[in-house]
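Dropping the structures in below, format is structure tokens.
There are two complexes below, and they share chain A, which is joined by chain B in the first and by chain C in the second.
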Partner chain A sequence: MNDDLLLDVRHLKAYFRSKQRTVKAVDDLSFTLKKGEILGLVGESGCGKSTTTKALLRLIGNQKNEYLEGEAFFEGEDLIKKSDKQMQTIRGNKIGFIAQNPMSSLNPVFTIGNQIAEVPQMHQRASKNKAWAIALKMLQKVGISDHESRAKQFSHQFSGGMKQRAVIAMALAGNPSLLIADEPTTALDVTIQAQILDLMVKLRDETHAGVLLITHDLGVVAEVCDRVAVMYAGKIVEQAPVDELFHHPQHPYTKGLLASVPKIGSRKKLIPISGHPPNLYEMQGGCLFQERCPFAFDRCKKTEPPLHKIAEHHHSACHLSSERMNSF
Partner chain B sequence: MGKYILHRLIIAVPILIGISILTFFLIRLVPGDTVTAILGTNYDPKLAHKLRSEMGLDQPVILQYLIWIGHVFMGDLGTSSFTGQPVLSALMERLPITLELALLSLIVALIIAIPLGVLAAYKHGTGADYASGTFGMFGISVPNFWLGTLLILIFSLHLHLLPSGGYQPLSAGIGENLRSLLMPVIALGTAVAAVTMRSTRSAMLDVLNEDYIKMAKAKGASTARIIWKHGLRNALVPVMTVVGIQIGYLLGGSVIIEQVFALPGMGRLALQAISNRDYSLLQGTILFVAVTFIMINLMIDVIYGLINPRIRYK
Partner chain C sequence: MNRDHKPFIRVNHLKKYFPVAKNWRGKNSQYLKAVDDVSFSIDEGETLGLVGESGCGKSTTGRLLLHLLPPTSGSLFFGGQELTRLSKHELWQKRREMQLIFQDPYAALNPRMTIQASLHEPLKAYGEDKRTRDATIKKLIDAVGISSQYLNRYPHEFSGGQLQRIGIARSLALKPKFVVADEPVAALDMSIQAQILNLMKELQQEFNYTYLFISHDLSVIDYMSDRIGVMYLGKMVELTDRDALYQEPLHPYTQALLSAIPIAEPQRSKNKIMLKGEIPSPVHPPSGCHFRTRCPFAKAICAEKEPEWVEMKKGHYVACHVVQEAHQ
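And then the complex of A and B:
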């Protein structure tokens, strides 16, 4: 099984410090990702999803006020221990990154082809012609028609969906074994969203790369993910295969999330989760979800529930789900 | 692009006519005229009248203008009423000096300002940033004539390193030529460098926060590549606009600097023409400076289009 293991994150912490306080954006996060698997990392805004991707790519942790701890084994090597120089050879090469906002992620003064060709030029020391050929191949692969003339165009000549395709082409140009996609469809129209998601699944099938998909959209998760990790206030509160999670959610937060998604054909009133996520710098002891949880009881205030295994591949960080397991 | 340049050149014609009208009438509002300047204060009114009618100065001003502009359109800028030299040949003697002064100042300023601005942005909030900020404040606040005088005081009078004034043409050797222009270039270029440095810094600060810079980093680009390739090319777009405005300052500033360093350029020529009420020489000089200004700005716009692909001239 370990041969299949691509990414093994253990006890990852990412804190931001200021003079007065420390914001624990990611706190003791552990998860694994297998080759060819799509893992969805789901949660509300500000729960630490994006910080997790930035920590894995080591785009944070280099400033004085940023603090990183833990391990993130990628193909057997710990990313957290790498120097910035070493990370440069991994970013874009072994780990591809698809950014949240394709509208602003392309450099306006270089052609699209030039920006994709830069990846093999930097990482494979490819010649200009060879790199351009790779860029053209990538654009074709992500379904951009008329790719030869499109490659010579600039980002302002591309539509939103095409920009995201170009960003995906850029992420794939280094032939990575891990793709990190940070809300890749959030900025796009619904019809384009579906196309981009289909494309990502297709590319995963072709390249057998592992995909870490960050999203707040449960619809996206249901459509493409194999496994889901639900994040809340910097921690994973539930982790399960996608069907299991949608049909047998265990954690009250997951249940709340699912209840707040409208279902087509249903006239049932949506039930929002009351309250707000906790301040990440004023955390008291106990379960982080206790204040918003309809089932909270004494123990939730005292001890923070760890991730319990409640079924094969299903983990939940709730005193109730562990108790239920024990009572069975 | 060719069409765009042609379009701009056609637009330049009414601008130049407007400038010619302004100079023509403004100089005539100044008390005294060419004749009183030639003859001095105790002149013979009969002789003055004779001279005025010879020069056509007794005609109505509008008629004078029409005659003059008609000649200009035929390529004849007239002759200096003071020296009798044709205006065009006087201009051609002086133009290279002013152009060399202005262009050298610009180039030196850009070579210093752009790397400094980039450094200040990349290291913002550090000592390097504050040091360049101080230089920026100094460069903008210090008047160029004062800086020029100070330079002469230090490097010519005390240290005897550089000539205090005068121009050595290229024919005297490039070393001599540059020695004669070194202090004028510093005096004129410091303010341009300061303004450009500050705008480079702020443009670069904006650019470094853009998503495509984060994307470049996520692609595995090195810091140097991110700054000089992905960052600077974008930051140069607003900087070029500022540089274009600075050209006007350079041409205007050269009038003062040429005076401070006794450089026989266009600015000095214009000043002489004003004090002599040498109408045709002044009109010719101003028109020439305006043409130069318009041409340099057009050049900047063309470069702007080359840097920024979002601009396409039609």
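And then the complex of A and C:
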């Protein structure tokens, strides 16, 4: 096995069942993440990005109506097979999680320092004093000025950007080798977003942790990610290194997304993707994108395209791109 | 662009202060200066973009222009008439000519009314008879790309993009001349955003609407606007043509804002101007120039005197001591 490999997800499925129907939120997802790499998971709302992170953290799969299948090897061990108790020692320790909304990930009745110190107290059995020292160090690391007095404050005394910094400090306090960030900058203003993204890249360089970055913003992806996986309706439709994806997109959905985002300085008319994403419980056979795809032909209706290798490190799930490969 | 420059909206020294605290006598002692001395004009058929971070006063400006909020001071001309001097009845008649497109399409429509009923409302309010109403609605719904057989459905049966189209149709039902669009695409997915932006542009070309387009997203603003105003803490700091703004931004805040936006193009080398700190509280803004606490070029004079609103080049207004000094 490759030593650099940190996370290896194979055929991950996460379904939600109700009496009438089953929603296939994540359907047969496979990807890998190396140490020190930032992998962007992009897609529109409802495509299963967040469900993927929740499945990896095993925050879903314990209820009767939730169904989880597949393998997710993290440092050689399968997360899906772990018991709840085992997961508790991994979550927040080896895997750090940054949620979208920093306002709701902090407890309003504990001081910020207390909440960060809880991590080493829980996972490393650190003494109170030692844990507090770690909390202070973390706050300093994420660039909170005057960190010693700030650690004694509550979340309402922090601004939005500072709260997100505190959440990052908390996620890093266990010294994780994998960091999962679910839309970490969506709730922030652009100038603050630039600061936070800069901080995340810097911390990645320092700690050499792998980062799984969930976002809907192609700009953020282009700026910080090494590799990108584009999701649509619970599946990865294209996966490539960031330059390759932006300059030679293969899947019609990726192409459509890139053409529908306004770019500064370019006056070209936007070409929107027609229609809207499919209902995840009314899926017909064949390619899930066929209804909105300008190039769809009969084969797209019949068989679902598998994720095809079209170049080194570049995969696309489209009959057209695989056909183009075969004709060469 | 070939347009005769006829200012349709003209705003002079517009101010809106919200009282936030009272002294012991029960008099208002502290104000939040949401909009502080803003002057600009919008030509007929033009789109003016307003951009800025959260809390900078862009939405309040939009509301003031529609006279949904009475200004604290300043004058506001709408097609040659002073809005603040109109009687209630006159204002009600003027309201026909101005409309608002909302950010959240789910919240903008009554969930217990069919969209037909929602679309009838504005026309009913202004006493149109049933037959004209039906005809207008049919035309409108066609124009925004929704099939008229859906008219009897309820909002929950539509997707976000479709609801925003219906919201736009309702705003345009009374054939307004001036439309304020307050973050109309912020709640929508990327592939749907482009559809709505293109729709708004097409409708403008057809009916010669004057738009005030409010957004925090500079690339969306760039795509939609003829001229752009940048706001910071209740003040307008720069106003100019969109080309001039992107090619030679003068104000340090505009420069930082432009460099902070993540661009969907990897490898593009950018010298990022990273702003330090966060936006100060608008209740206690810094003395002198509001931006000086985060400005990399701040001088002594910036703390003492508020910069004036000066036309540096034709149609290019800036409020900054440093820029103004450099040009002398």
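Note that in this section the second predicted complex is superposed on the first by the 327 of 328 C-alpha atoms of A that agree within 3 Å, B and C clash if a C-alpha of one lies under 4 Å from a C-alpha of the other, contacts with A are read in each partner's own complex, and residues count from 1 in each chain.
In this text, a residue touches a chain if its C-beta (ideal position, glycine included) is under 8 Å from a C-beta of that chain, and two chains touch if they have at least 3 such contacts.
Keep in mind that this is a model prediction, so the values were computed, not measured.
Trainee: Quick check on the superposition: with chain A as the shared anchor, is it clash or fit for chain B versus chain C?
Mentor: Chain B/chain C on chain A - fit side by side.
Trainee: Could you look at A:107 and tell me whether it touches chain B, chain C, both or neither (first, second, both, neither)?
Mentor: Only chain B; A:107 stays clear of chain C.
Trainee: After the superposition on A, what does A:76 contact: first (chain B), second (chain C), both or neither?
Mentor: A:76 sits against neither chain B nor chain C.
Trainee: Check whether chain B or chain C contacts more residues of chain A in the superposed model.
Mentor: In the superposed model, C touches more residues of chain A.
Trainee: Between chain B (first) and chain C (second), which does A:246 come into contact with in this model arrangement: first, second, both, or neither?
Mentor: Touch partner of A:246: chain C, not chain B.
Trainee: Give, as a whole number of angstrom, the minimum Cα separation of chain B and chain C in the superposed three-chain arrangement.
Mentor: Taking the overlay as described at the top, chain B lies 14 Å from chain C at its nearest C-alpha.
Trainee: Which chain A residues contact chain B in one complex and chain C in the other?
Mentor: Dual-contact residues (chain A): none.
Trainee: Provide the residue numbers of chain B that touch chain A in the complex, in ascending order.
Mentor: Those residues of chain B that touch chain A are 210-212, 214-222, 225, 230, 233-234, 237, 307-310.
Trainee: Would you pull the chain C residues touching chain A in the complex into a rising list?
Mentor: Listed in rising order, the residues are 53-54, 159, 161-162, 189-195, 197-198, 216, 218-220, 222-223, 246, 256-268, 272, 274-275, 278-279.
Trainee: Which stretch or stretches of chain A touch chain C in the complex?
Mentor: Checking each residue of chain A against chain C gives 44-45, 159-162, 189-195, 197-198, 216-223, 242-243, 246, 256-265, 269-274, 276-277.
Trainee: Within the complex, which stretch of chain A touches chain B?
Mentor: My answer: residues 57, 59, 87-93, 97, 99, 101, 104-111, 118-119, 122-123, 154, 156, 167, 170, 174.
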